[in-house]
Amino acid sequence: MTTETLEPPSLAEPTNKRGFNVRTLSLVGLLVVIAVTFHFLSGGLFLSARNLYNLVVQTSVVAILACGMTLVIVTRNIDLSVGSVLGCVGMVIALLQIEIFPQDAAWNWPLTVAIGIGLGALIGAWHGVWIAYFGVPSFVVTLGGLLIFRGAAFEVAQGKTLAPFDPVYRLFGGGIDGALGVGPSWALFAIIMVLYGLGEVLVHRRQMRLGFDSTVRTKLLRFLAVFVVAAAFVATMNSYMKPRSDIGRGIPVPALVLLSVVLFMEFVTRFTTFGRYIFAIGGNIEAARLNGIPTRRTVLKVFIAMGVLCAIAAVVTTARLNAGTSSTGELLELSAIAAAVIGGASLSGGRGTIAGAVVGALIIQSLESGMVLIGASSSQRMVAIGLVLMVAVLADKYLSGEE
Amino acid sequence: MTTETLEPPSLAEPTNKRGFNVRTLSLVGLLVVIAVTFHFLSGGLFLSARNLYNLVVQTSVVAILACGMTLVIVTRNIDLSVGSVLGCVGMVIALLQIEIFPQDAAWNWPLTVAIGIGLGALIGAWHGVWIAYFGVPSFVVTLGGLLIFRGAAFEVAQGKTLAPFDPVYRLFGGGIDGALGVGPSWALFAIIMVLYGLGEVLVHRRQMRLGFDSTVRTKLLRFLAVFVVAAAFVATMNSYMKPRSDIGRGIPVPALVLLSVVLFMEFVTRFTTFGRYIFAIGGNIEAARLNGIPTRRTVLKVFIAMGVLCAIAAVVTTARLNAGTSSTGELLELSAIAAAVIGGASLSGGRGTIAGAVVGALIIQSLESGMVLIGASSSQRMVAIGLVLMVAVLADKYLSGEE
Amino acid sequence: MKPLIEMRGVSKAFGGVHAVEDVDVDLYPGEVVAVLGHNGAGKSTLMKMLAGAYRRDTGTVLVDGNPAELSSPAEAFDLGIETIHQTLALADNLDASANLFLGREIAWRVGPFKIMDSAQMRDHAAKVINQLNPRFTNLNTPCRDLSGGQRQTIAIARAIHFEARVLIMDEPTAALGPHETAMVGELIRELKAKGIGIFLISHDMHDVFDLADRLVVMKNGQVVGSAKKDDVTQDEVLGMIILGKCPPNAEPGPGARVSQ
Amino acid sequence: MKPLIEMRGVSKAFGGVHAVEDVDVDLYPGEVVAVLGHNGAGKSTLMKMLAGAYRRDTGTVLVDGNPAELSSPAEAFDLGIETIHQTLALADNLDASANLFLGREIAWRVGPFKIMDSAQMRDHAAKVINQLNPRFTNLNTPCRDLSGGQRQTIAIARAIHFEARVLIMDEPTAALGPHETAMVGELIRELKAKGIGIFLISHDMHDVFDLADRLVVMKNGQVVGSAKKDDVTQDEVLGMIILGKCPPNAEPGPGARVSQ
Amino acid sequence: ADITVGMSWANYQEERWKIDESGLRAGLEEAGAELVTADAQSSNERQASDIDGLLARGVDVLLIVAWDSEAIIPSVERALAEGVPVIAYERQIEYPGVYYVAFDPVEVGRIQARELVRAQPKGDYVIIKGSPTDQYAHYVLTGQKEIIDPLIANGDITIVGEQWTDGWVPDNAQKNMENILTAVNDKVDAVLASNDGTAGGVVAALTSVGLEGIPVSGQDGDIAALNRIALGTQTVTAWKDARELGRLGAKVALELAKGTAPEDIEGSVVWDKGPKGTAQNASVLAPVTITHENLDVVVDADWISKEDLCAGVTENAPAACN
């Protein structure tokens, strides 16, 4: 019937013959260029297992936020409050876990995490109601949120720094023990690869049944590409040893959290009606409404999702720092939005991908870390990062064949 | 032929029977509500001549930036770099005036101001070229600018604070001597009123000649309203005395700068083709292109204007602080965008007014100042301002009869 | 026979503009009612109220004899009212099959999520669209890159795919080629035979006289009159549209010019 | 007589889609050439290249015998080529008079600025629009709140107001009422009499045979053939459009079906 | 209240200012004076506006924690012109007639460097500086350099990494430290962190590579930092008993409001150690060096509860925890 492969069309992005998103691929290319450049400038440090491990951990918070921000931006909204919400939720978790609940209770950290996520959802719903039901522009609402929740973060503990957290909770931060270890990392890799392979086979069989011309070779090549990249990633994480030992660390927990978020969000945006509605609203909200899409409810849900992701990011951040401070998360909104936009989300709505946002976050963090590795001062760093961001997006534009 | 009054139609905003923009009027109403509320909460301080004088001076910088930001937003772009550009230009002016050029030369301050404005235009052009000609999203370009020019502001003098400025230059900041004085303030008032009246008469005669039904009564009422408000303003400014004296201050110089900017920008957006093109581009850039509008050149010019306004704001700020610091202007971009959005500019383009932006800036600054006057704590202030912003925009939406 | 739709005294104003004023219209099963009128007469506004896209200011609408609120498009869909909007209502960033099923995707419910069956939707979409325009092959292209007629084809395909009982077609063939237009005519006859009621807005007198059973003419928001197709001539109808003059064989409405 | 426009071997592809392939078309002064074809045949794309909205991939265009780059709409305007785009190209936030003069406002140059003469523009706009649709009174309403036909009226008014030598009309009457359509027909005849060359894209065979001097039929991006109006019948033209079959009286193009 | 005292904070989003305020408030309330405050949130422009507002409220004396000691001068001039005495609180404002009340910030830097050098006389140092746009961070750095520059010159100490911390945010300090550790492959012997917040980030970074325990400095005496000192993961904090400074500020403010001449205030000295060498009346407190050995000082001063201080401490407990 058609000779194209059957890819989820909702993202409305050009895909190449193998069904990969062209834009994301060209971004990955740029990331590689940046990494290799820093590798040479830093005398071989950048692509060391250790730095890559750090990079993954450091990226996770911004990447988690960027995933949610992509949804927000696709619906033609913006969320300036994410840094403040993260800070506020982090402080509430810290206060509960350290000051209110008994410190040695086993239920303490799970309960506080649950409360934190609930609080995040609530804050997201608050923003969502203002935006979707009251019709106040998201810029204004979330600017209000930026102020309100930063103020609240201070009020929670009167500006005090709260520490230390439960040792199990701290694993979320990817500290010295916060990684899976070598064996479990490979096991996880194997499980995911098997599931992925099975999924592809099932989809393929279904497509054959409906008479679509879906080439096996394309699918196989794609599977192999994913397999090799994932294996390389696991091997790298495993080859970074714990201090003064030869025990490999394996996949860090924050990366695991990010991975779960990404898989879930990719699933939602590609395969569910909710994801489809998000793109339809961004493309033409009036058309979406005329076709009976519950536009307001959908936007509300998007902001709730953003709130939950802020809470998850808050867990990772506070666990990593092993302290709750009222300034946690300041200015993160800029990084999160930048990651989403670099990853291809368009502020005029209707366009963006989760994978792109993650790559965008990796690019930003690579620049940050790389500049420190080569010993640049903070003002030089700012100038260089600013320039590279602009050039990267420009290069991406031409590489991906837009215009 | 038509029974409506002949208002510049390009702004595409509802106007009431008197030809005033409904949205701006309802914003002014909100401002009055906020002012009166603070007046009572602060025990009669808010509406004192002294506080109103301060408010005007404090608002001027954000309002100047918000005027330019409105143009940027109307073209469906954004400028995140204004705070950094302001800081960078301010540092360059400070370095030249204080360290490089002879301190006592009479040509020193005019030359440095000119150089600063030139630099602002150049920076604006840099952003504009990336956005309009290279097609990189303005969010990315100006985020780059935010980093680059903040870094540059630091590099200019290695983070040192430079002071003091030339005494004449300091007048731009509206300090103790930085006001017109009683007599000249009234004279200025008279001149402007005469010019305004003449303009209305001329327009009216032209409309009569073309057969439009333009009622004299409407015009007269509007003239009277403007007259009364302006007279009240001048009288208030004149009644605030210099310290321990009974010499009235008159209109502060920063307000004069703002007034010039506003009049110029209102003129440009309402009466020139350039202004028309800005709105057309924001409404439908493809339609603008198909009708032969030089879309790229227009966007470039908008960013150059923004750069020049940043430089003007830099002069006012540095003169007011009598020092150039590398942190000057941090986070101003948020206030400027917020003022424009509260003033009715829509981030999806094609809508916004200069007058609205100024009122938006006044609302933000009134909240900031008012909270100090009533002695709220810092975090209470953040929470309260955040909430009031949201409520204000919501109220405005309903007052102005939008849905 | 009971009417499918009865609109009584329906009005709608935008600010000072009375777009629709005190309109009464009926629609019976298996009937095609053409709604005619000059540009800006209020035809689309009237139909949008029936489609749940606008809320009416006054008046009642009965569907199958039961009063209907019609406060949202979803409610109209539930009552079996499908619409081809004049603006087409397509999300430009999505492709043909996504637009065709927009809001009513084929999906399996899994917990809180509905997982779309893209393959199935693609398959159906290809079939429906092919029925209207066999040359339409770029099913994977986002709508913004399609030609005017291709876009209109998607909007038509959408409305006929979800078996409606009432179909509103607002200038469905404006951008279609002659062959495509003929196919839509064919389709209307088929649907009619199935007992579906159709409101057809069209400026093409040929089409109207070819397809409609009854005509309703609007002018400046009011009904000039309505008539059986066979009772009036093309020229009389033009007189209704342009001059607001109601011929003797037609039933006059509030918008008819009283004196000549 | 020298042709106003000569297009030779013009092609344009979007990614893999060959929207226009190797097209030759001429237009003479005072001539109306109808461009016909199925939906997605490439008519709008061809015309957009002439209007300077798309750059052609290959081929040459001569205007008055001189090669023209046509790299921007402004360049086309300078050569006297005006276009009514199928998408209308209106800025939805501006009102009728602002849209009518968009890009070519009546203005006095004062230093670096051009100060618009709004009163004058409003006056002209009212006149031109009234000529097409006397019922169009909401001149101050932003275009987004106008009806489909009112929007189209503005686009037509714009194209005729700036005295063109070549006028491209891409389905100009699709959304117009019968009266308005008749007035546009009148207008075309007037312009023709003044020696203006017109490309008319329309799906309405009636209109085409009424107004055109010559027909060019496209199919899948290629020209099937062209013919004087009087040399072919309506059925033959439909055959060209639908089957790509070039009748004996027409001059075949590269897209004509060879066998059969 | 017959006397109203205004306080303009540079940025209030830190633990210690809350404590300053409580001291200040206590001191003023005893005398029946009222305190009104404003927070400039790290912005010169906002601080200028805040001071306008405080003057409009009719304060009798003004305390200022300057975000920038130069850019604040026009505001100071305005206050003095209206006859309102100005006290530079914690951060020096070099302007004739301004009274200065502070813990010496340069001394803070000295204490940090001194203790680190004592713990680690030779080796590879990393400096995690404060916010580059905060003048205070520059003062601290000056003190640090005073001690370590000679040692750098004679080769005992090498600076292997140096980064500013945007906004003093601990997360930023953590990331910077991690990357420096990568750059030098963990060859770090001591970290000069500028305050306790950044020290927290540094210690978290060190912990993740098993280097916790190497000398790290800080200042302010945050609860979390004192706990780290007890645990042995931080070496020193320059403790500024903010309550005491607050009370001192209150005392000076009340005296000035009553019209006492600055030089007549008890404990007033002439201070001219600022960069410009302007002579002004001052009451300067010295920060207290707090290390593992003298943690009892903070407990005895009721600054921290023993429970908070010793949370999680098992081996090598300091005397204060026994």
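By letter and in written order, the chains are A, B, C, D and E; residue numbering begins at 1 in each of them.
One rule holds for everything that comes next: a contact is a pair of C-beta atoms (placed from the backbone, for glycine too) under 8 Å apart; a residue touches a chain by one contact, two chains touch by 3 or more.
Chain-to-protein mapping (UniProt): A, B = Xylose transport system permease protein XylH; C, D = ATP-binding cassette domain-containing protein.
Fair warning: this is a prediction, and the values are worked out from it, not measured in the lab.
Undergrad: Taking touch as defined above, what minimum step count separates subunit B and subunit C?
TA: Shortest path length, in steps: 2.
Undergrad: Through how few touching steps can subunit A be joined to subunit C?
TA: Minimal hop count between subunit A and subunit C: 1.
Undergrad: I need the common contact partners of subunit D and subunit E, sorted by label.
TA: The shared contacts of subunit D and subunit E, listed by label, come to B.
Undergrad: So which chain is farthest from subunit C, going by the mean of the CA atoms in each chain?
TA: Max centre-to-centre separation from subunit C belongs to E.
Undergrad: If we define chain centres by averaging CA atoms, which chain lands farthest from subunit D? Would you check?
TA: Most distant chain from subunit D: E.
Undergrad: What's the distance between the Cα centroids of subunit A and subunit B, rounded to whole Å?
TA: About 37 Å, centre to centre.
Undergrad: Distance-wise, how many Å sit between the C-alpha centres of subunit B and subunit D, to the nearest whole number?
TA: 44
Undergrad: List the centre-to-centre spacing of subunit C and subunit E in whole Å, with centres computed as mean CA coordinates.
TA: Once rounded, the distance between the two centres reads 73 Å.
Undergrad: So which stretches of subunit B touch two or more other chains?
TA: Only 154, 159, 378-379, 381 qualify.
Undergrad: Give the residues of subunit E that touch two or more other chains, as numbers and ranges in rising order.
TA: Within subunit E, the residues that touch at least two other chains are 12-13, 132.
Undergrad: At which residue positions does subunit C touch at least two other chains?
TA: 87
Undergrad: If two chains touch, include that pair; go through all of them.
TA: A-B, A-C, A-E, B-D, B-E, C-D
Undergrad: Subunit B touches which residues of subunit E in the complex?
TA: My answer: residues 9, 12-13, 36-39, 41-46, 48-50, 52-54, 56-57, 67-74, 77-78, 81-83, 132-135, 138.
Undergrad: Can you name the residues of subunit B that touch subunit A in the complex?
TA: Residues 76, 78, 80, 130, 134-137, 139-141, 143-148, 150-152, 154-155, 159, 334, 337-338, 341-342, 346-348, 378-383, 385-387, 389-390, 393-394, 397, 403.
Undergrad: Quick one: in the complex, what on subunit C touches subunit A?
TA: 51, 53, 72-74, 76-77, 83, 85, 87-95, 97-98, 102-105, 107, 113-116, 118-120, 122-123, 126, 137, 139-140, 142, 158
Undergrad: Please output the residues of subunit D touching subunit C within their complex, sorted ascending.
TA: Residues 14, 17, 37-41, 44, 86-87, 133, 135-136, 138, 141, 145-150, 152-153, 171, 173-181, 203-206, 220, 238, 241-242.
Undergrad: Going by the contact rule set out above, which residues of subunit A touch subunit E in the complex?
TA: 42, 45, 48, 50-51, 54, 58, 103, 150, 154, 158-164, 173-176, 178, 242-244, 317, 320-323, 325-331, 368-369, 372-375, 377-379
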